[in-house]
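Starting off with a structure, shown below.
Chains: A, B, C and D, in written order; residue numbering restarts at 1 for each.
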Amino acid sequence: MSQFFGDMTPLTFNPDADGPAFRHYNPEEVVLGKKMKDHLRFAVAYWHSFAWPGGDPFGGQTFDRPWFGETMEGARLKAEVAFEMFQILGAPYFCFHDADIRPEGADFAESRRNFEEIIDIFGEKMSQTGVGLLWGTANLFSHRRFMSGAATNPDPDVFAWSAATVKTCLDATHKLGGENYVLWGGREGYETLLNTDMGAELDHMGRFLSMVVDYKHKIGFKGTILIEPKPQEPTKHQYDYDVATVYSNLQRFGLEKEVKLNIEQGHAILAGHSFEHELALARELGVLGSIDMNRNDYQSGWDTDQFPNNVPEVALAYYEILKAGGFETGGTNFDSKLRRQSLDPSDLIEAHAGAMDVCARGLKAAAKMLEDDALEAERRARYAGWETPEAQAMLGSDLESITERVLAEGINPEPRSGRQEKLENIVNRYV
Amino acid sequence: MSQFFGDMTPLTFNPDADGPAFRHYNPEEVVLGKKMKDHLRFAVAYWHSFAWPGGDPFGGQTFDRPWFGETMEGARLKAEVAFEMFQILGAPYFCFHDADIRPEGADFAESRRNFEEIIDIFGEKMSQTGVGLLWGTANLFSHRRFMSGAATNPDPDVFAWSAATVKTCLDATHKLGGENYVLWGGREGYETLLNTDMGAELDHMGRFLSMVVDYKHKIGFKGTILIEPKPQEPTKHQYDYDVATVYSNLQRFGLEKEVKLNIEQGHAILAGHSFEHELALARELGVLGSIDMNRNDYQSGWDTDQFPNNVPEVALAYYEILKAGGFETGGTNFDSKLRRQSLDPSDLIEAHAGAMDVCARGLKAAAKMLEDDALEAERRARYAGWETPEAQAMLGSDLESITERVLAEGINPEPRSGRQEKLENIVNRYV
Amino acid sequence: MSQFFGDMTPLTFNPDADGPAFRHYNPEEVVLGKKMKDHLRFAVAYWHSFAWPGGDPFGGQTFDRPWFGETMEGARLKAEVAFEMFQILGAPYFCFHDADIRPEGADFAESRRNFEEIIDIFGEKMSQTGVGLLWGTANLFSHRRFMSGAATNPDPDVFAWSAATVKTCLDATHKLGGENYVLWGGREGYETLLNTDMGAELDHMGRFLSMVVDYKHKIGFKGTILIEPKPQEPTKHQYDYDVATVYSNLQRFGLEKEVKLNIEQGHAILAGHSFEHELALARELGVLGSIDMNRNDYQSGWDTDQFPNNVPEVALAYYEILKAGGFETGGTNFDSKLRRQSLDPSDLIEAHAGAMDVCARGLKAAAKMLEDDALEAERRARYAGWETPEAQAMLGSDLESITERVLAEGINPEPRSGRQEKLENIVNRYV
Amino acid sequence: MSQFFGDMTPLTFNPDADGPAFRHYNPEEVVLGKKMKDHLRFAVAYWHSFAWPGGDPFGGQTFDRPWFGETMEGARLKAEVAFEMFQILGAPYFCFHDADIRPEGADFAESRRNFEEIIDIFGEKMSQTGVGLLWGTANLFSHRRFMSGAATNPDPDVFAWSAATVKTCLDATHKLGGENYVLWGGREGYETLLNTDMGAELDHMGRFLSMVVDYKHKIGFKGTILIEPKPQEPTKHQYDYDVATVYSNLQRFGLEKEVKLNIEQGHAILAGHSFEHELALARELGVLGSIDMNRNDYQSGWDTDQFPNNVPEVALAYYEILKAGGFETGGTNFDSKLRRQSLDPSDLIEAHAGAMDVCARGLKAAAKMLEDDALEAERRARYAGWETPEAQAMLGSDLESITERVLAEGINPEPRSGRQEKLENIVNRYV
């Protein structure tokens, strides 16, 4: 035991607790025929929780963690503490990038050796604790070699480095029984169009993604390949802007059946959407994979990656997920970082526990709304006109025959109330 | 003559003029082997210039035009004045919606009769003046029947009405020799997901668009079908959010070879992009059709539809268009309205003349940058590494062989300067 | 009885109701020693509920109300229906502009006669029903005469017209026993700096406001003069941008003891703040007067004026108000409009009833947090260092003596956790 | 000579140059009776140009400078290179924070010793080169001790540390003959209201500022104390939000005659304003001090601090400054950083030279507009009505007498065109 968390014991479900506990998240409680833990499939993000130093664009490190510094010893201690926290939280999953678990080496080979040593430690700890890997991913944006992109870099050697890195991370994810593999193209985009060949970059990005899919099949990885959309930051424009854009790219590359999406609330907001919009659209397109349940501050124009705290909003998100039939390989990752002033180990626990409770409340509200058919009955009624044979026939016809019918029947439609406020009231009876 | 514009005579190119004149737009001047007028292909928007009363969400009509009021007499006077203005400006084209040229009738048939009478007047005036129709379109958003959408309305009768309306407008556009037909889905979207069946609505939208394309072919219309993206406003979300989203939809509907885009600066801004981004992306996707060259105020979160006034920005837009080979059927439409305090007829002339000059300056700067290879030489140099056989071979290979090469060759890429400031300086030598 | 609302009877508090009812708002329930109705002091906005036709920048009227049209008969019917709704809702207050209660006359005198006739009707109805006037105000932005501002118009005649209008409205508010008088400077600002003399306009605005305050005292009006900040829309910039800006102006005009603020959630958002920020700042400055409890959509860059629906957010707003000691003359006005697709009379009732419940839930949560000292104990602990005599002495000293002490004592402060996530969890135990 | 810039020689004014040169900035050229260099008073920012490593929230250092690392040797080399660059650019001024010129020491005393050693080096180099100090400032935001603010920190020891630091920096600025001293309250604000005592923090901030002003007078510093407004980032809310907010605070603290403002384009944008708005408002309030002429990207919701590149925008900014009579102690600081991909020494030169040219073009255009009375004549005509004795008398009267006059004279104002488009065209004839 590392003693980082002192004598803290695993949190339990205890609505009347005074200290840290789950007041709403009850892992074994059955909701819509499934245990809450199997609905929510929580994962802790290794990078924000254990590798982020607390810096921002105007200030450096605030956190003081005994494992900081780029050494293997630090990396082992970090893994120790991480799995302790997973157990305190009862988190069934975690997620990692290569760069947050191992020190950077002098070259590719050394970085890979460092990485693989930690992966082996992970394997042991996962066996011992029962914690699973929701997804692995490669960090292709922090090191200066990626400053102009990874797969979309003007330098083909960076493409090569990136390809080798993804292979390594996908191998590790496969080895650890990971359920998904995520690609976030942090610098696949541009700072200025003036120096950018967008057509070439998009082609290279497509080719890269195809290689990843091919390799997944080659090694028999059964998990899902996921892309995480984000519109901008650090770049001025990222090619995986939002769900619609990623789907457009997937169609161009012929990969829309191979790749799904990992959708983050904060990125939805940055792209000018609501989270539920992005989830609903992904569901309709058949590419809803997994979520990063971390909010942005509506007031801040950058990615604040905060733990979720607004139950009504979270309820609408899970509503879309439940309508999609729930997660398959996906889950609820907290791609969230502590505020940089939240210095203490207990802040890490508070933050995750509070977020898990918020998600549990949202899930239960969403499930009940669905069970009661509270919203869906209204929705069906609104579109009922389309169920008639005449309406369906019209859809199969053409402009001329429709025009004739408009004239012949003197069609002159009267609008009907959309009842938005009433529907919002209905939601408020559940949250 | 209507006397609306007093004794104003057609504007001429006269850099030293004191009063209204073109100081930069010289229609016959040859730029990159083509006359400026044939590059720019200016069009006046009928709706903003002649039908908009000057209202905003907090106030009503400010303009006082003798043709206001929903009468055929007014509609005829409006047409009179419009063509007078086209001639004062030397505008080669105009654009219209059905609703801005004719009074609404009691039913579909009467509205259509009104519309067709004005279309005949347009036909005559076009013959007399040589003014052409850049595009026609249907207004499927202003009347209350469209409050919940047109093709995506929950009521199939609204779909029918909309289909009949588009047929009518496409027929008219064809009759007048229009070069394009535009669809702007002003209310194809939603106010709240709570009452929306997004999947059904997208399907109906796709079916509608296919009918339009089929009908175009049936009647032999040789112009281009264009969709105008806009992310939101009046709705909370519009399905034609931006270039990438429209292209995604087109691929789903199998129409990406049939339909191109009409891209507006203001809508690009609202979607979180730059105008040049949207143009470059459309070019790379092969769907760059036409432009609405009206800016939004960066400070205002809604569609201000102002006349362009910033030459450096306009230059970057035409640069992307020139790189695409220039307009084919498309052109430069001013989907711009006067500020509501700009009450006088002379303001209409000032606004258009100033905008045409700004575009002329932008075009000339862009053309010279291309001619000098000023930016393109830098861009090619930046991506030169991809021209090698090794790089091309890598693109055709797979993760494993690339990884082997990274290890074998000890690939360890060093970043090179992106030179953004230098490139911005280069642009500033032209604008 | 007008029959507009059919046979709808006054809503009652009934948590188990199936249809329209209050599930949380229980007017007589005592919270922190005061009845809920006396805490919340709900008011219905006349303009949005009864005068707004449902238009937006891309479409016209959707609502179909029997009183529409600029006639006195319509105005009387509108008053009839309005007071029926106040009684159905049990709303203790309403608010009005002159322009939404009477038809515009041919000149100032006729408009005033129309206005005063309706004011007399209001007086009778208020006596009969016990409904009070939270505030009156003048609409100095809708008519075209105000297109360039009211008090800040380049034309002194518009200043004069505006002054006469405010006098009329203040007289009426006084006569009806109104508790406040509000000024919202809808067009006191500019569209472009190029034609604006900002210094002169600010001076005129200050002089105008002083006249209003002087007149209030002259007639013995005991209510509060309130300014409602808004940063922009319809203008590019409004001089009453936000709480800080209004307070700056008040200080310049020497009116900071005479005028308080009416703060709207939607306008707080547009200005880049949270609602609770604006409330807290106004409280600290001693100018917190009243609130407009209508939200904006975070996704839309304009003033959507929607009914509140997010309890956690509303709770944080009432928390700041309770910390200020609650409302004195102020109250909770819904400056909210139905969505333009919400066509039916029942939508008006649903919207208000839902909003009143959301406010009741927010109030109760806020009151309990205060009662439990849940947040305040943490806050006091964080600033406890400032309670020492040394710290207070330092505040009264100077840079030199402080520097000496830093050197002498080797002061080298260590940061302590800000505990944001824990505090957010605390809030979530109450909402 | 450090050889960092190779054999680069000072840039000259040479419109026809091929390589780096000034094409528009001609320091000795007289504009409106004053040399360009005396109008513009350019300053280089030490921090961005020499201390910033190229990091962003998703990646670390990209620049590779021989002086990096927290050593005195590095600090001395950095100073060497900095003054070489000032001479290459012919920059008359520079600006610094304590933290970017010296390594952090183990305690306050050691940091001060390091600082003062470099200040002495600066003094020598300034004598040798003739480069002046536009302003000094203290960095009270980067070190973790400032994570919760400086003057507004919950810990009084941080207040003390900050006071001692400002004393030190003000002493140094005085010693070097600096013309201004700037305070930017990077973390004077909050991350969450939940843990913040806004009233106490504002009081402490006011007291701190008063101590600074008192100390300035005590030591006989004749320069101007400047506050730099910024609305947010790194915090969620900064107390010096914008010009209006700072002016409000200054009035509360009784310091509005003692303190002026340093206004940055990027911060104006973040606060929802235009740069020219902030400048015009500061001018009207009598607190326009100095500018940071670095732009933000309109598309990015954070402070991008880019070199200016849009002449029309820069022209409007200098127009407001010229209307204020030009700079007194203030000047044009570039608080700009290279894009993090701009790795090379030559990029530093290109960036500054391009920015200086853009400013020169803007200044010349603004001066000519003023000289020609092109905009001002229109503005005066628009407000001419206020020059009459009747209008002035009305301003001195009251609501009742104005109302009587409106009725007696039948005042019924007709709006007149605001001519925005025409005025924009006028500007475009100059830029």
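Things worth noting here:
In this text, a contact is a pair of C-beta atoms (placed from the backbone, for glycine too) under 8 Å apart; a residue touches a chain by one contact, two chains touch by 3 or more.
Quick caveat, the model's predicted, so the values are computed rather than measured.
Hopping across touching chains, the smallest step count from chain A to chain C is 1. Superposing the C-alpha atoms of chain C onto those of chain D requires a rotation of 180 degrees, given to the nearest 5.
The distance from the centre of chain C to the centre of chain D, each centre being the mean of the chain's C-alpha atoms, comes to 35 Å. Note on chain placement: the centre of chain A and the centre of chain D lie 40 Å apart, centres being C-alpha means.
Among the residues of chain D, those touching two or more other chains are numbered 62, 144, 147-148, 191-192, 232, 237, 270, 272-274, 299, 339, 341, 415-416, 418-420, 424, 427. Against chain A, the residues of chain B that register as touching in their complex are 107-109, 144-145, 147-148, 153-161, 163-164, 166-168, 170, 191-200, 202, 204, 207, 211-212, 214-215, 218, 231-232, 237, 241-242, 244-245, 247-248, 251-252, 271-274, 276-277, 280-281, 284, 316, 375, 378-379, 382-383, 385-386, 388, 390-391, 394-395, 397-400, 402-403, 405-407, 410-416, 418-420, 423-424, 427. Residues of chain B touching chain C in their complex: 54, 56-62, 141-144, 146-148, 186-187, 191-192, 232-234, 236-237, 270, 297, 299-303, 339-341. Looking at the complex, you find that chain C touches chain A at residues 23, 62, 269, 272-274, 298-299, 307, 309-313, 338-339, 341-344, 346-347, 350-351, 353-354, 357-358, 415-422, 424-425, 427-429, 431.
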